[in-house]
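Working notes, structure below.
So that you can tell them apart, the chains are marked A, B, C and D in the order they are listed, and the count of residues begins at 1 in each.
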Amino acid sequence: MLYKILPRDSYQSFVENLIRNFDFIGPKRKDKATHEFTKITSFGELDLSYKKTTIPPAKQILFPSTEEIVEYRREDNSIEFRPVVEHSLKLLFGVHSCDINAINFLDKVFSTDFSDDNYLSKRRNMVIIGTDCEPRETCFCLAMGKEYVTAGFDLFLSELTNRYFVRVATSQGNKLIEKYASGISSAGEKDFKEYNEKIGDFRKKFKLSPDAKSFYDNFDLIYNDEEFWKKVAKNCFSCGSCCLVCPTCFCFNVRDEIELNLKEGKRIREWDSCMIPEYGLVAGGHNFRPTKENRLKQRYQCKLKTFVDKFNTYACVGCGRCIETCLANISIASDIDSVRKEVTV
Amino acid sequence: MKEKESKKTIYVPDIAKITRIEEVTPTEKLFNIVFEEPKKQEEFSFKPGQFVELTVFGVGEAPFSITSNPNNKEYFQLCIRNIGNVSGALHRMKEGSKVGIRGPFGNGYFPYEKMKNHNVLIIAGGLGLAPLMSLIRYILDSRDDYKEIMIIYGAVNPASILYKEDIGEWCKRDDIRVCLTVDNPDDKWTGEIGVCTNLIPRVDFPPEDTKVVVCGPPVMYKYVVQELEKKEFAPEDVYLSLERRMECGVGKCNHCHIGNKLSCVDGPVFSLWEIKNLKEAI
Amino acid sequence: MSGKPKVGIFGFTGCGGCQLEILDAEDKLVDLASAVDIVHFTEAITEHSDDYEIALVEGSISTNHDVERIKKIGSIAKIIVAIGACACTGGLNCLKNLYGVEKAKELVYGDKKDWIDAIETRPIDEYVKVDYYARGCPPNRFEILQIVKALILGKKPEIPNYPVCVECKRLGNTCVYDLGMTCMGPIARAGCEARCPSNGSGCEACRGVIDEPNVNAQKDLLAERGLTVEDIMEQFNLYNACKKLV
Amino acid sequence: MANTFSINVESVSRVEGHGDLVLDVKNKKIEKLQFRIPESPRFFEAMLVGRNWDEASHITSRICGICSVAHTSASVKATEKALGIQVSEQTIKLRKLVYHHENIQSNALHVYFLAAPDFFGVGSVFPLIETNPEIVNIALRVKKMANDMVRIIGGRAVHPIRIVVGGFTKLPTTKEMEDMRNMLISAYPDLEKTLEVLKTVRIPEFERETEYISLANDYEYALYEGNIKSTDGWEINDQDYLSKINEKVVQHSTGKHCWASRDSYMVGALSRFNNNYDKLSDNAKKYASELGLKAPSYNPFMNNIAQFVEIVHCVDDSIRLIDELLEEGLDEDKKMADIKIREGRGVGVVEAPRGLLIHDYTYDNDGKISKANLIIPTNQNYANIERDMEALVPTVIEKSEDEIRLACEMLIRAYDPCISCSTHFLNVKLTNKE
């Protein structure tokens, strides 16, 4: 990691250079309620004061909601299958720490056991520039240990008085800043001091602090407590919104689409969610998770236990998207704590 | 930029041909399959308990266990029940038709090496016999490596009994014990009646010298395991094949997870010990 | 199904929009015409025949004459696909039932009401066995085509049984609740590509509801936004008055 | 040809809806002639009672899938009038634009898909795929263009979503507006080719002068707004439609019959053409004259030609509207008007593709409808269709039964009766009584 200083005056021209030279994706206001990550064509469109986007920025590009993965053709009795892989260079600007941590998680998922080229080829061609954020009501990344990110980006910009503290994590990032920004210098003692203070202050701003560790420890104890899970899942719509907006969720369905001529077809994967009843349904009609209680429990287990055992990390970065999106007011943060309360009572 | 690459991804099947179809019951057929590319066919090797993902053009893809003997290099065989889209389409296909194959998949298989020099107890329910056939055929090839072999097989009714010929052959041999049972007998049935679990108490293999393998419908496992535990078989010596919904077969789609395991890459065969603490496993 | 399947397209009480939706698949019409034999399609074809395997049926059953016709179709077709809200749930036409058939006749036709043949509106599955449902008002033409393709291939069409929220999220929409509106999306059946929320208005459940809707949670949700019990019932009833929901 | 016969056309095809024609002729004299609608009445006027102000347009859109933009527009206009809502200029322009596109779509569907097979002597558009692929491709392109444009502005081609009381729920983007402009420009070659084909088509020579009623205003070819005007010399404010237009229930039909100055009148493209010829774009006027259509025209078969001329006008005028909207820039703040609930009555009148469409609602204090009246184009044309038929049959009475049946069906189709609006469609069964 290199630590550099970008003067405030050079900031705009740096960003403008990037907009000119890259397929630049950044946060932009969408409507009165939300922002979205989309193609940016001028500096003015970029709105870094965004709090959170409905759909996580990287997920929508690296693992889009529907994606063609194979195409096929039939001619008489011959069949041909061909891979479809996309990999154009894209620059993602303004990503927050939690979301970069989520990318790091997905990187692991898609490269473990088998390499998923549909994801990885896009990932290899993605430049990521992170920026600071302000926590909001539903954020609990601090509690998940994801409020700070140390890898998975090329550059990370933190605003200090009159200047930006830039963490340079890759040589590609270094080239970018060398080439497109002027007045770059190395960070000095004063800069580090102010930066550390800033991060320290940032960490004090969180309102939610669920104790995920205790969930992990107590989960087995409460696993069979049907009353508890019924209570937690009472209003769940089984709509899967929580998973679909989650930056670390990656479950997908595969389906085939064929043209009316019955000659050409494609295989598509699309986002699925473990909250949807059909998720655990197999041919013959057996459903491994028939009730919403089963499913919610599964989701929490996957987020807070499975991947701790598997990758030594939570599959939740505490971004709070699921809490905000849930129309049934179900909150992973409060449920983490209610597991503990329930067990200690 | 969408590239049509020549480099294959994990989602691209190889083309294979159905060389033979045999109807074994009103709902099950056997399919012999050979890869179109001879080199691929040569290289294709698998272990008992592994499965392939099979594509029917335009319809979709589904996982099926390989039932043939791993020593058989000429073709591999699947036993498929007509139950849905892909399986239904397969049942309408003719010999010579082409399908797509990915695999073999599954890292957990029936550990035939560990079974050597032990008694082997095989418990199959319904279609569960299909994946076990691969194991049975394989160990029968080197029968001398194993001690006693006992096969317990339960079917719904006499008509749905799979592999009748093979079973007939086994019955003739004196080095295998075969116990057949059906839930719903017909007039001609003279054998055992009831679920296969009922037969486990009769097993007289010493637990410390026996390996057990189990495959059957989801409901079967709980009861079989209870019976096996009564017999004090060590959980490490009991192997079960756990099937779940699979969309990819390669550990990405996450549909087949059982706690922190994925049936497709960590299984589908697990030891009872491995899943002892896995919620929802059985 | 071997060879080209023979398809009949039939209209009952409705707005004709579903048949139009099929004609609106302009890019695919030529392919459609070569993939199946359309033997009956009153909106577009003069010739008609009573020899068909697949019947695509639009509209609800609202007269005694409708009842006879749908029963005849039921006796000929091997597969019946209900197309559109009217055929699937009775659709909007069922609002008339709430009003009362006799009262409605009187209001619209006055003292001439006895000239009119009208019965309580019903979805077609109350008279014939329906194999598949292409829901929606109007239905999604791509879904209709998908069903036709699946039937040609002999496969079971995949028709979503999850709520509209799923599609809405896949599209990255802002939830209309965040924009101050209400929406039936959490219990409404998807398959429309979340058309209403994508266009800035709440879903009205024109495709009916999923198999296991959390109706109580939906009531809580609407009540939280200040809706009265009657408002909530009206939302439920717009397209689903014939199907007892609550 | 027999002097005495009976034609009973059951389900006249290729009209949107269902209708029957019963024709008994004895000794070359018409004994009985009825154009009837056996479909189930839909009772929209009853369904509307008690519904909320923001639901009316969603409900009435379902009167007809083919002209759902027209019903939606008439409905929101009636509600806006009743509640005293002032929508923005931008909203009106966008509504006029989407209105044009529905008119193109519906007229194209009718001209190319429903009437064209008659011109080519086939039973549907499907045989034309083989014999006249070029015209089929043009038809598909024009219709797709119009549908795509309705989708862009309305959110959906059938039952638009974005058009609501007070304005729009979502605006098209500048890029989409530009795309639409390009789509329109690229339609000209197809229109040109259609013109050449239509020139070769023989339109039956038949005339019967009647009353032609449509909207009219002094600034444009009126489709979305205006006074109600008659060729019989009167013009009234749209709110006063009841002072001229009368409705009655007739026994053989669930669609009510209408009359104004005489016992029947015509609405639709030909009426609009007769009343508003001056306001057509120059290009549309040129097309009209090349096709031999002059105002006033008394040949109902020319309605198809008038529809095509309107397509040309709508394409031209859409480009003008898009240019204006692009120039002004689309403004999110003008998307929705302020809405306050109050009691009141409002009438919304538009020109549906098939003619004058009237929605009349009365609201109570809570913004719920207490009374609704709907007058639909096809209902207005019924009586006139019967009068035309009475005049047409004697002119073809010497021909074969098949030809007589075809002439009758073609006449009905020329009206483009959207019978689903009110109800059903046409059945012609022909039995010789001798």
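Here, a contact is a pair of C-beta atoms (placed from the backbone, for glycine too) under 8 Å apart; a residue touches a chain by one contact, two chains touch by 3 or more.
Since the structure is predicted, the reported quantities are computational estimates derived from the model, not experimental observations.
Chemist: Quick one: which chains contact chain B and chain D both?
Modeler: C
Chemist: Central chain, going by Cα centroids?
Modeler: C
Chemist: How many angstrom lie between the CA centroids of chain A and chain D, rounded to a whole number?
Modeler: The separation of the two C-alpha centroids amounts to 51 Å.
Chemist: Calculate how many whole Å lie between the centre of chain A and the centre of chain C, each centre taken as the average of the chain's C-alpha atoms.
Modeler: From the centre of chain A to the centre of chain C is 37 Å.
Chemist: So, what's the distance in Å between the C-alpha centres of chain D and chain C?
Modeler: 25
Chemist: Return the residues of chain D touching two or more other chains; collapse runs of consecutive numbers into ranges.
Modeler: Where chain D is concerned, no single residue meets two or more other chains.
Chemist: Two or more other chains in contact with one residue: find those residues in chain B.
Modeler: 58-60, 84
Chemist: Please list all residues of chain C that touch 2 or more other chains.
Modeler: 153
Chemist: Mind listing each pair of touching chains for me?
Modeler: Pairs flagged as touching, ordered by label: A-B, A-C, B-C, C-D.
Chemist: Can you list the chain C residues touching chain B in their complex?
Modeler: 153-156
Chemist: In the complex formed with chain A, which residues of chain C make contact?
Modeler: Contacts found on chain C: 28, 31-32, 34-35, 145-146, 148-149, 152-153, 158, 161-163, 165-166, 169-175, 177-179, 185-187, 210-212, 214, 216-218, 220-221.
Chemist: So in the complex, which bits of chain B are touching chain C?
Modeler: Those residues of chain B that touch chain C are 58-60, 84-85, 88-89, 92.
Chemist: Under the touch definition given earlier, write down the residues of chain A that touch chain B in their complex.
Modeler: 68-72, 74, 77-88, 109-110, 112-118, 220, 223, 250-256, 258, 262, 265, 267, 269, 272, 274, 279-284, 286, 288-289, 294, 298, 301-302, 305-307, 309-310
Chemist: In their complex, what parts of chain A are in touch with chain C?
Modeler: Result: residues 30-34, 36, 54-55, 60, 65-66, 234-241, 244-245, 255, 257-262, 270-271, 273, 276-278, 292, 325, 327-328 of chain A touch chain C.
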